[in-house]
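Take a look at the structure below.
For clarity, chains are labelled A, B, C, D, E and F in written order, and residue numbers in each chain start from 1.
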């Protein structure tokens, strides 16, 4: 059922950003994603100042000729094929680009340019489907299958990030987060008297609306429907439609599954549409928080490169630093 | 299209609660709604202590014989047919009931027993449909019609209350509130540069989920889906389904109508699913508040019977009194 | 009674900022407002870096000679008469100023340099006085007239902005906002059982303290009394003084008019001195919000020049973007 | 200047509530305040159930005859002259009242019936006037004198409570609180670089509006203007009027005194009209809090009669108990 | 190491409250806990009205003779030995007590009278010590052992409740909660890159201060130190003292263990002394919440006896009902 | 007992930053603290850009040669000995440094480089010890002495700042603040019925944990334990340890002293571990606030150099400006 999203397509020979040092004073041809683009006033003509890279790093680059022309043929977030010289400017690598064009989507995996889960997407998919298979209630199992066995939906789900700027904000982040939350809920179902089927379904579904909430270019950003409707109502509607496609799906079960999606943020001021009012919703809410917050802090810790640092960068969302030692 | 909901069915001769004084020491037969019911321990046998009434008032009543039996045949909120003696107990009227049974729904209008809008429901319906007709955009008009011309839905809509315990908490309250909010939005559309069609549709739709949020017995109370899913998500889903029934309904228009429903509470902590992010949503939110709060205060003022009173009862929701002079 | 504030004084020939392109490589003489002023270190001597303009646009300008001297003769926010060359610097227009002095206030309308309501101030004034005339209660009408027929006060009122940085932050903004809020209250008085005279007076008075809260230079800014006392208490005191000038003004009426002014912000944490405790105060509060928020969003939408933009700039006060399509 | 408010008028012989035990089985004539009054249904006729007392205690009392008649001649909060028998009902004292009428205000001191400051009001007044005399700035001193030397105002001020249900909620409470806050501010003026005259005036004035905010009957309650306008705006207006009566009172000084009154609650959500923006306002705010909170807790501690109690009653305003040992 | 706290002492023959019906019209001798006690006025003499019971139920009881004397020999919360008649009063069982005295603590287990965990305390203890043994770091293990192998401390710990009125408010509740939280943390240590030893120690210690925060009589209540110092600072100090008893305990490790205790409430306004600033503190906080909230809701659900009920009683702490179906 | 901390050590000849103008075009040798340090890319080689100074001011400085080498031998916050030329760059003084090395701590007083209380530290110490001596209760006096007569602790206490970025954020700030708060509490003990000994001890102890919360380099910054444990728990633990060293220190007294430390922030959301629950804690909390806020505003006012300024810089913590006139 699952495809290997880590290894899609046949890609051309590529020089990783982290290896550019080896090509100093050489002309190269390679693909990179455009991270920043700015048309600047030069002493005579305008020039294009770029930041390009891949998931191994980034480098600044300049286009000195025909800058206005080139400015119109690609956007920030595009993958481009460039031809240029690797130079040293005041001790820093820099590219002088002579040719640039949009890369053919057939020629690369977006995952080579964007941050991606460091877990295996295929394995995560397998785990998810084992949870699906473990559901005993026929109606609930049928509903869950109708969502995740949808061959148009699942690839989108497996590639989506789980957030814009905090936890799991990378390719495969939504799948990774969903599997973790479901794993915790599965464990909780052994500790407390719960309707396990309901809880597993709620865990698998809780963030599915995020598939349509973010758009994946350089960094995840909101779609229009993501802002105006939001992932919770997107997911709520998606499940309702799937349930309508199932003959005589019990309305009380659907009501509870909707409740799990609508209440998983816990409190209205944190975006919950309803506060949790069934025990499974309580568990789902804290399992979601446990995974999201822990992984968010883990990611922030991993960005610290300085071995002597005692504290992370300031976490603006939670207004604090984290101790590293 | 609209029926006259104030005058449904053929009812039996009825003695209004406010006229019971005239029947002192007489045996009467009449219909009343059961407002309170309690099985109490008597000196020998248990007895039933009731509070019964209609929209003109209420009276206490006792069933001294077969109390346990009668206790099982009706519930609080039911309309019952009783036979009993009107007595005076320490200066207060009291009924001693000898026979009691559930009334036949064909024999009465619920509106005779519950509080009802003091406006004419039929006229309100006409006004609503004039707003429907005034929409120019064909898609939006078709969507609005598909909702309000649904002959199963509209009677429910026209009878529903708009709240449980604050503004418009009576039969027809939802219709009255919807018409008022739409009237204010219509006026605002003359003052500001807006998409009037979108705003009118949003105003007409904003609370439709309340049709399924409350159950109408003695007093409005929440349904299970009202608590677990809430009127906003109920309404959101209802509109989505109706739009799916329309050929090629523009997705951007649907997204904005959903946004109007999802954001009309204005702030997350007040139950909004999204904060208003289009100008029509700003207008709808304040128009909704203007009508709801003004009518809420108006109702509280009207409950004051003492002509010398300078202040209303304490408004617990808003934590204040209102000055009457 | 009202003067035409859009067209005061006899002004000299003026080159609009939007027309400067036509004067490239020419020496011009014209009036502009100083939007920014900074004394910078030059390679040899300091120079003055300015941003000057009028309500049609702005341009950067430099004074290379006698910068320290010129720095002392005008301030940001002043209207100045300049003589200088229109140049092109890296594709952008720039002025090299040779002579600069303060303009004579007789020679210009401040409204030509500052943002101004796009409605006709004279017409707005007429509408306001029609509301005044429509008041039936003699005492209230006399009080309202004593305020708005004050020939020193009204010109200040008609010119004042209604806010510093959100809605109606331009010349005439206070008058425009007052007329809109009163219009909405007038409409509400047809929908609900209210004391219309009281409500109209409250609407006309609610923001009058703003006349002294802001100072009008380049952009509206707070006066000292605006910060230390605030427009609500300024307005409250102003009305009290006017009422004391009326023979036997009823104290209960004055108390309620003061309450309308003191409570129109609705909640203490939003600056209300009292929460609304009469029904007219409820209506006024929401009418005020409806106009202020709608016009605030409308202004933000109008600043978007890019036709392809889907969202406005971020609204920092309300922490959101607005959708444009 | 000050009168002895503790000892106004010539009163009749009075039997203190705490001495009633001595009069068991005796007929007495005495004055009491009516703390509670309720017309109850009796087995045959209605009767009046009262709670009457003075500042030494209270006792229940019944009027068995002509209850409806007597019910109309006095209200809760009135001082009445009664004639009745002192009885014992199940171990508790009880009065059977035969005659009752309103007492002549000339015959008693309200202070004998209501809780009163345990400090000497005359001494407090002297202290206050020493602070007035210590002000050096002529304008400020003149303003302060014009307020406190007003012979109609000062008696009201000296008798007023400082709150309805928390600190200093008794006769003389406002004077006592004002003197304490001024004492603390005077001390702070020795610690910090401040404008002492301004601070002392602000301290003396900060709560003067409370003179008109509460009505003194059985317990302090809000007046209409207390609720609709509030003591801060009442005080602000009172000071403005007094300043207008002084020739050429400096507007900047008045602005700062108004600011001290308007900001002394510290934060908008605690009722401040402005947040403190001068250093004297900071000091006044914390001095006010220090006295109000400390005395509030002191009063709560003093109500505990049980010597073994380890904790006070629950303080609902601050949501806590206080430890007594 | 652990004792069986469910089965301490040799108890006398005891008639369970739930079996009293069988003893109607019989004189019994048995032990009960005093749940409520009130000295009431009788027609002639005062009498004592009691509510007594054990963990199987409760019954009302009266002492008609020598009530004042008996009132002084026992308190609410005491276990008493009574001799009395089982009677029927208006269909309800009632005891008429003739003799009553304090029970000898040797004769009963408090656990027979108070609510107790339905898990086996001995097994919970074993699980806890397996977690202790699984710690690899010698210093941390030594610290944890010094706490839980303290033979005076552990019995108190094993008996303590984990809360006053929400989750785990029964004998053994603290042990049960501690084991559950540690179990969840142990599971999380498999999912995330963490210092497991630190996290397990933090989980075992997080609530140990509660041993001294509550007093166990009829229902858990706060001790004086529980209110004035609180369980977090009690626990913090307890761990510091134990660490000082260990030779060269690493200060950085102690600092982090203290941080885990001090931060486990997550946010200052929920009682956290510090916000979580290490990843283990994030995990502990959410694991604590997951267990506490889930068990709190589980307990509330279990109190519902009515099989037809669709919703629980209102949860005042979280302001909501829970759906039961 | 106290040493003069303002005048420690024998220092070398030092050129104050404020006197550098006199040394223009001269080579100097002097000591300065490094306020900022940045390695910048130069046209050929990197160079070091510094900001150095002492408590009289600061100046920018450059190291053009061997910048990478010098970059490794000192850090921001170090005191360095430099040899360099005083130059004028575009009208601003600038140093070109030729030699730089770490200064010998024996050669300087840190107080010459950092902001220091403008009160005499020795005198403040004397005042503090007079408060210590005034305590009458032997146990409390012994505890207070054991803390402040600790010869390792007191010098640290006398040098510590009382905050990082608001009030008293300078050398001696903690001592100055402690003495002020104790002075206010001493005064309050004359006004209210309090346990003065307890209150004085609480005032002296309330912030002692700050000794270990901040590290004093260029500007005060948090230590690791300051962030992870916080000054309140550090102080709480410190007092517990000292009390354990006293024979039979009364546990109830210790509990109340701990409560004073734990509750002095007043509210949980402001960092209080407990809310004040004894009257002395109420007084301490407001005395602390009165001193901290007043001095914070005083410091902000003192930073304004412009004599014409009417308002201070914006106070980000309290979100306001302060009026200066």
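Please note the rule applied: contacts are C-beta pairs under 8 Å (C-beta built on N, C-alpha and C of every residue); 3 or more make two chains touch, one makes a residue touch a chain.
This one's a predicted model, so the numbers in the text were calculated from it and none came from an experiment.
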Any chain in contact with chain A as well as chain C: B, F
Fewest hops from chain B to chain E - one hop per pair of touching chains: 1
Equivalent interface positions on chain C and chain F, same or different at half: different
Whole-Å separation of chain centres (CA-atom averages), chain D against chain E: 46
Set of chain A residues in contact with two or more other chains: 224, 227-228, 252, 256, 259, 277-278, 321, 323, 325
All pairs of touching chains, each written as two labels joined by a dash: A-B, A-C, A-E, A-F, B-C, B-D, B-E, C-D, C-F, D-E, D-F, E-F
Complex contacts: residues of chain D adjacent to chain E: 90-92, 310-311, 321, 323, 325
Residues of chain A that touch chain B when the two form their complex: 224-225, 227-230, 232-233, 236-237, 240, 252, 255-256, 258-259, 262, 268-271, 273-274, 277-278
Chain D-touching residues of chain F, taken from the complex the two chains share: 180, 183-184, 187-188, 191-193, 252, 256, 259, 275, 277-279, 282-283, 286-287, 289-291, 293-295, 297-298, 301, 318-323, 325
Residues of chain C defined as touching chain F within the complex: 41-42, 46, 224, 227-228
